[in-house]
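Below are two complexes that have chain A in common, paired first with chain B and then with chain C.
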Partner chain A sequence: MSELPWYNRGLFSNLNLRQKTILTIALTGLILLIIFISGLLTNANLPTDFSIKMQPPSFQHLFGTDWMGRDMFTRTIKGLSLSIMIGLVSSILSSIIATILAFIASTNKFCDEFVSWLIDLFASIPHILLIMMISIGFGKGAFGVMMAVAFSHWVNLTRVLRAEVLQINTSEYVALSKRFGKSKLWIAKEHILPLVLSQIFVGTLLVFPHAIMHESSVTFLGFGLSPHEPAIGIILSESMTYLAMGAWWLAFFPGLALLIVVLLFDIIGDNLKRLFDPSEANN
Partner chain B sequence: MELKAENISFSYNKKRQILKDVSLSLNSNQIIGLIGDSGSGKSTLCKIMAGYISHYKGSVTLDGNKIPDKDFYPVQLIFQHPEKTMNPKWKMKKVLNESWTPTQDLKDTFGLKDNWLTRWPNELSGGELQRFSILRALNPKTKFIIADEISTMLDAVTQVQIWDALISHCRANDIGILAVSHDPELLEVVCDDILMFNEINNL
Partner chain C sequence: MGGGSTEHAPNELVACVAAHGEEPEYGFDPMHGWGYHDSGTEPLIQSTILKRDANNTFVNDLATNYTISDDYKTYTVEIRDDVKFSDGSQLTAGDVAFSYNTAKEFGEGADLSSMNNATAEGDTTVVFHLNKSDSTFINKLTDVGIVPEANYNNETYGQNPIGSGPYKLAQWDKGQQFILEKNPDYYGQEPYFDKITNLFLDPDAAFAAVKNGDVDIAEVQLAYANETVPGYHLEYFDSIDVRGISLPTQMNTGKVSEDNITIGNDVTGDPAIREALNIGINREELLEGAFNGFGNVSYNGVASQLPWAFDSTFEDGKVDEAKAILAEAGWNDTDGDGILEKNGTKASFSVYYNSKATERQAIAVAVSEQAKELGIEITPVGGSWDDIDPNKYSQGVVWGFGSADPYEIEHQYDSRVACVGYDNPEALNDSSVDSLIDSAMVQDVNGSYSTWSQAAQQATSNYPFLWVGTVDYAYFVSDSLDISNSTHLIYPHGGDIWGNIYDWARINATAK
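Here is the complex of A and B:
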């Protein structure tokens, strides 16, 4: 079992593969949930105290303080929580788009060609450019970013689902269902949806890390959330001003925290995929 | 009622024609057998008559009328491989009731056990699954049944039991049967008349 990733080796080697996978998912999910909830519970208006501004990391302020004397650890958690929320909404939205498009593609040849054309079109535009354009189009802010990330991340899942639905549609049980006089809508709902549900679920989770990264980068570039919102992208772009003055902690800890969260989501997605379809995970 | 196939010609691809000018007719009080070589196109003909293939030449009619495609199809095909005709994510109860809700009496006649209903299709044997396929096809709206080698996976005793149940139900409800098989002895026993596929196919 040498192809197993590092986080599935060692520590829990007495459990079987399935148990380990579930344990990994549960632990990772718990960490993310804690970050998310504690971010929600903290007050956005942190006390400003100019007497302790720009302090490097210490035991009192784990991640240091910024130019207004705000605790960077609290700001980071708050920012991550916001990122997770935006990521959640936009990945669910992108999965809904993917599912609808895949079913539209299955109705007839013309629709199928239209969806394929749409896929090729969106796949040919660089993500970050697409996100910036859509975000501006929707008036930036949290709503603009969610729409932008959702409308740029449906492509892969749509491809997978379209192929899957196509294959199910040629099966004998679907043909028989039509002979029983069932409508296309009924067949889509009762026959096809249950068979692609796990794929939709995994697809949603796999989009999550991308959604978070892209939200932060587009915000960092100034095309996303507005500067008064406590987002990681805002924190990072602010910190650029102070980096030259040696305030490295303003960028380092929030950046690292963001990377860790993204990695955790990646781990969940990977493991879920392994859990639902062990054979496919090896490709 | 009369199910009539007239001058049916069909090929899957340009290379090879499978059916040429095949005609046959069948009354709802009849059980007709069809026998022929493997790969000669029997299943293909069955699929055409049951509405699974639409791009063929010729016509399939019920009492002289074209069969409407939208509603329940009055000609029901029972496949050779039942497992392919069942959604793997459905419990057997849902599989059975997709077509209609058979009476307990009918379930007993076909030896369908109640505890099978809560299982998944891959937890039952081919013979057990085939009973579900047959029962599904016996919807009250069914006028004809096309049985394409439905009993090849059953042992001799079960085969007799299932055919007995099927025949008595169809006779009582005025349902005609076209029975395809490799087994001439079986067809001798169950059919009123036997057709040779090679003779009706003008290739």
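Here is the complex of A and C:
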């Protein structure tokens, strides 16, 4: 057993897999929470100070400063915090949409076909296009972006849930409940929902990274937010102008931070999946 | 783009400059605004009746002589009889009249609202009939490029312009470049360059093109102005292109404009707020930051190069005085949140800016920062003009103005055009301004400048704007190119550098 991976050695060696998974989830969750909360706590308008503009990274300004002398570290954290918030709201919303649609699909054949058609329709339109249209429809701004991401990311989860619900619907205890005269609503609440709840949780978390990536792409393209507001996409698109002047730090650190945050959410999602769905734990 | 410099003949010019950095949407059609932006700019392909010279005085282009009636309602212009369009046909007074009447009908370029119509009398005389006395109309004679009446097609002219200017359009690759070739039949001073290629590039690509040595001259954002590139030098020009924030002068009483947009703001409607902002803000510091130092402070929106310029009656950066003015007017911070209140109204409003313009963004953000010190909360909001328009009469907006035509004062301050389009967005209502404008309109244009100046001074005493400063235009110019700095025309809002193209030359052909 000399080929133990690093996480099975030293400090954590006496934890079992389940404990380790929980620990991973807790730690990554904590990091994301800290980013989110510190972003919320910093002042909405970052102070500009033209006397220190375009400074490379230093100990005073870890990520350097931009063309208006704003501290890029604070700006990045603030941007990530906004991304997380948009991700949170829109992934919860899209899960709710997905759940409702999955249950509607289970009521009868006509509804099922309608939902399948809706899934095909939304899946056939490129995400980014859909997001742009919806965000304009909702009047731009952070709200528009949130709604746009929510209304374009329910597709995959709906597909999974629909299949799951269909399968549960054919089970004997559901058939039994029906014969006992239980209403469809009761069956949905008591039999189906508890069984798909873990799917919904994991699905919500796995939408998160997509939501954040898409949020930054639309803000990169200039949809939604004012250019002085800190959003990762805005920061990155602004940095393009200054790359030619050699201001690499304006793109490098925010980009890296975005990547890390997305990865952290992915880690949480994967680990939760293992926790909820033991059959996958050995993968 | 590959490295190394592109080979081209010494008498060919590769440029990356354009009014507002943008491609003309309708092509090179003066009827759709080509060659005009707040005041006339060099259309290159077409001729105009008059031009301006480096001292901002009028010189003849097509005109040989002009007379103005005593009531400033009739302008009679004699034009040259030896001018040919590039298709070989003769340019006549009929073409001039047609161009002005069509430009007025389209209303996309010069402001010809005071013109009734233009008529041709014979082949060389054009008469402009005005609907009111307007001594500033002489400026409009520089604003419209002349197109041939025969065969003019509104749809296609922009792509295939026929004109009588120093150059002909050889090629237009939409989204990429246009190529001009010298017009052999041009009647005026022959320019040095046989061929001009102008590229349309994004700001970062324009700077990259300079670094690669691909262009002879490129207009760059002020952010790049402190960079050095071997083989190039930076030329920057003062402009009359001024930036300022409109401060609605009326209270919000539920009044709306003709197009149903709310007028007035209960915070900036208080003169004390407007005065405090004007004297409390530090413009020097703003320019240093927002324009990288490439600009000149303006307290009143009239650039110092203009004949109706005047000295400011106040100084700025006086935070304590500004606070005293606010306190006296009853603005106090009663709840300790750092923002003043008066009768339950918070001293808080928004300032909208066009999100494409970084210098406007910097102004909005930096002003909001400085206003915080005074206890006034300004929320910057960036957006497209579609986002700004519904708020343009009720919130602050960062505007760009700057015309060599004093009629601009009318647009900015006349109460009779208040809240119509982009005119007088602050809804200033000062009858003495209006009457000064009226009397300036019936004075000889040179004599009227002092009256225009009085009108602007009277308007400024109401602090309808928070003027910030004029923005410089910066170019990286190849060391092998002489763009004749002594003959540059003044830069209006949206101006370009082509005005003295006749004096440009390659000075060291082997350097490139």
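Going forward, the second predicted complex is superposed on the first by the 264 of 283 C-alpha atoms of A that agree within 3 Å, B and C clash if a C-alpha of one lies under 4 Å from a C-alpha of the other, contacts with A are read in each partner's own complex, and residues count from 1 in each chain.
What we mean here is this: a contact is a pair of C-beta atoms (placed from the backbone, for glycine too) under 8 Å apart; a residue touches a chain by one contact, two chains touch by 3 or more.
In this text, all values refer to a predicted model and were calculated from it rather than measured experimentally.
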Practice problem: Using the superposition described at the top, determine whether chain B or chain C touches more residues of chain A. | Solution: C
Quiz item: Counting only touches as set out at the top, which of chain B and chain C does A:G181 meet: first, second, both, neither?
Solution: first
Quiz item: For A:S38, is the partner it touches chain B (first), chain C (second), both, or none of the two (neither)?
Solution: neither
Quiz item: Is A:W67 contacted by the first partner chain B, the second partner chain C, both or neither?
Solution: second
Quiz item: Is A:E172 contacted by the first partner chain B, the second partner chain C, both or neither?
Solution: first
Self-check item: Contacts on chain A seen with chain B and repeated with chain C across the two complexes
Solution: none
Quiz item: In the complex formed with chain A, which residues of chain C make contact?
Solution: 203-204, 207-208, 211, 221, 223-224, 227, 285, 288-290, 355, 358, 361-362, 364-366, 368-369, 380-383, 387
Quiz item: Mind pulling up the chain B residues that touch chain A in the complex?
Solution: 50-52, 70-73, 76-77, 79, 84-90, 98-99, 136, 139
Self-check item: List of chain A residues in touch with chain C within their complex
Solution: 45, 47-48, 50, 53, 67-69, 140, 222, 226-229, 240-245
Quiz item: Touching chain B in the complex: which residues of chain A?
Solution: 171-173, 175-177, 179-182, 191, 194-195
